[in-house]
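For reference, chains read A, B and C in written order, and residue numbers begin at 1 within each chain.
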């Protein structure tokens, strides 16, 4: 229930008021926002906070001020998509230990699928398999869906309407990301054309070198190298 | 800078030391204390905090400073016996209500019935029971109707004119679906690892019929029907 | 101790130093329980194996010697076949594609032949490897970030804030689908026998190829290579016959077009009109 109906009469002048708002009212707004976010373990929607602030107070302004206030402290105010949450400062992880179990361990495959979904979303399963060159084994997507980091986003508007996958708010929260744009290296990857299904036009086509030509920093492959690679040890026996 | 040797030696002189301690170290101590109390599931013993502060810092001093810092804020640091905890400021308790109706998890049976209604709609109660292989208790459908996720769609044009069930707009909203056709199909459930590969080749998952469309053998529900159906609403009599 | 995980009789034979290095980063990587010392099951598919091989060239991927890489991969497959390791079809189809790529790189393009050039195919391969590597690196960076519950923490004693919800009940889409899928699964007859196949049909191979390398766009004389890698020499004749029959079937369905320039010349294939129309839709039927 939103019981904040009453003070809404003040709303019309809200925009001008914001800048000259009574400092006591701003302080009160900050206290309310603080209490709301502090109380919750999960991120709280900004809209939910806004509904509970005194009329005429700009929620974005309040939250930015609060974030600055907590910036150097042991507990920080962080933004997760359009939600807010208090989290302990990461540099204090050495003293703060959780009583609850370890964070979820992901297999190499699951982690790879997770990052493909994160960087390429919305992405279909066929596209994930195209990037990895291998079928997604049962249980990989399942684990990510169950962890709540990945979700069914919708369907691609192409024939066959394949389902698309994307990441969730919990994913952002878990990895300490404010928004998807904060994914590490996203811009460079995009710029290099590596988030596309097609070879980018500026992609450097490797010169198919003849056997005798080698790049300066390249050594010829020898029979030795192949054995060193150890992919097959000598003397393996057949199994059937 | 006068380093304090070890924690145990420091104890006697603690009071004097506290006043001349490096302010940066005091700040660090406050950050640690803050994070510890914040992340803990219950009030934290002062001794536990003391053990984790930099050597030579007086825990009592740090906690008193922190309490003062939070005094006017939306969240207060409070002492309970010799434990410390964060609490919402008493005058703001109206924003945080611990008593109010907690969100309940849907039971396994309810999830099953809901999913059958979603995929097989329009579907009658007899058909739901046929798919599940068990009788559906009246309470289960009531819960789904109460949640606002399931509705009466119409009546099947067969003997007995059984009521057909379908999902609502709120259902789509809650589960983040744009339309019913966004529900993953057989291939996608398999691909996500939710269905194992070991299913018969004739296994099928129906494509649900959109919300506003009526099936060929379905009549719209009328006011009359709705009144009759009063039997099914909460508090009604048993229908068996 | 990694050495102890190998079959005892092999331990003294191989110093296994490179092996240790290879397996160290991931325990799941292939140690076969049967008689084999090592198989490639630990690799996440042929692209993964190729990427690993490419890394051992110790050059930037865009400067990679594709030809050397192809040689390495094919040599590896040959060895595996010699000692009769059963390789997953994915790896064999990749071998076929690479063998074809090699032939394109070494033999000058015929005027009549309008297939993709060796350079184009090499670029495709390099791009895929680079993209996969980029995702690997991204995954590493992601997982090494500060993480909730490990490096930073939420309020330990949350209080309830009555967030507005339309419903007093909670369930996620995952919960819902999981309930439905396991319910239907329970009631389905679960006894299914899968017949063992000795020869992969061309259609099967093509499906895998699609997944591995994207669609073969234009006239390609790939089948010669597919047969070579997908079958044992003793089965080649019968495989050739059944694969050709499969090809004809696909032609009839409009999924494929075939062309042969003369007797005993290679058979060229390309996607048919039908397959092109359903291009996107096909993606999902793996």
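In this text, a contact is a pair of C-beta atoms (placed from the backbone, for glycine too) under 8 Å apart; a residue touches a chain by one contact, two chains touch by 3 or more.
Treat the numbers as computed from the prediction; the structure is a model and nothing was measured.
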Inset, instruction - Select the chain at the greatest separation from subunit B, using centres from the mean of Cα atoms. - result: C
Inset, instruction - Select the chain whose centre, defined as the mean of its C-alpha atoms, is least distant from the mean of all protein C-alpha atoms. - result: A
Legend entry - subunit B and subunit C, separation of their C-alpha mean positions in angstrom: 39
Legend entry - Whole-Å gap separating subunit A and subunit C, where each centre is the average of the chain's CA atoms: 27
Inset, instruction - Could you put a whole-Å number on the gap between the CA centroids of subunit A and subunit B? - result: 21
Legend entry - Shared interface positions of subunit C, touching two or more other chains: 153-155, 159-161, 172-173, 177-178, 284, 286
Inset, instruction - Identify all positions of subunit B at which a residue touches two or more other chains, and write them in rising order. - result: 35, 38-39, 41, 86, 88, 95-96, 176-177, 184, 188, 191-192, 194, 196
Legend entry - Residue ranges of subunit B touching subunit A (in the complex, touch as defined): 27, 30-36, 38-39, 41, 52, 72-75, 86, 88-89, 92, 95-96, 176-178, 181-182, 184-185, 188, 191-194, 196-197
Legend entry - Touching residues (chain side subunit A, partner subunit B) in the complex: 30-36, 38-39, 52, 72-75, 86, 88-89, 92, 95-96, 98-99, 125, 136-143, 145, 151-152, 154-155, 161-163
Legend entry - Residues on subunit C engaged by subunit A in the complex (per definition of touch): 10, 13-14, 16-19, 22, 26, 28, 32, 34-38, 40, 44-49, 53, 56-59, 62-68, 71-72, 75-76, 79-80, 83-86, 90, 94, 105, 118-119, 122-124, 126-128, 130-132, 134-139, 141-143, 145-155, 158-161, 163-164, 172-174, 177-178, 211-214, 278-284, 286
Inset, instruction - Quick one: which bits of subunit A touch subunit C in the complex? Just the residue numbers, please. - result: 1-2, 36, 38-42, 44-45, 48, 85-90, 93, 96, 98, 100, 102-103, 106-109, 111-112, 114-116, 118-119, 124-127, 129-135, 145-146, 148, 151-152, 156, 158-160, 162, 173-177, 183-185, 189, 192, 194, 199-200, 203-206, 208-211, 214-215, 217-221, 225-226, 228-240
Inset, instruction - Would you tell me which residues of subunit C are touching subunit B in their complex? - result: 153-157, 159-162, 165-173, 175-185, 187-190, 192, 284-286
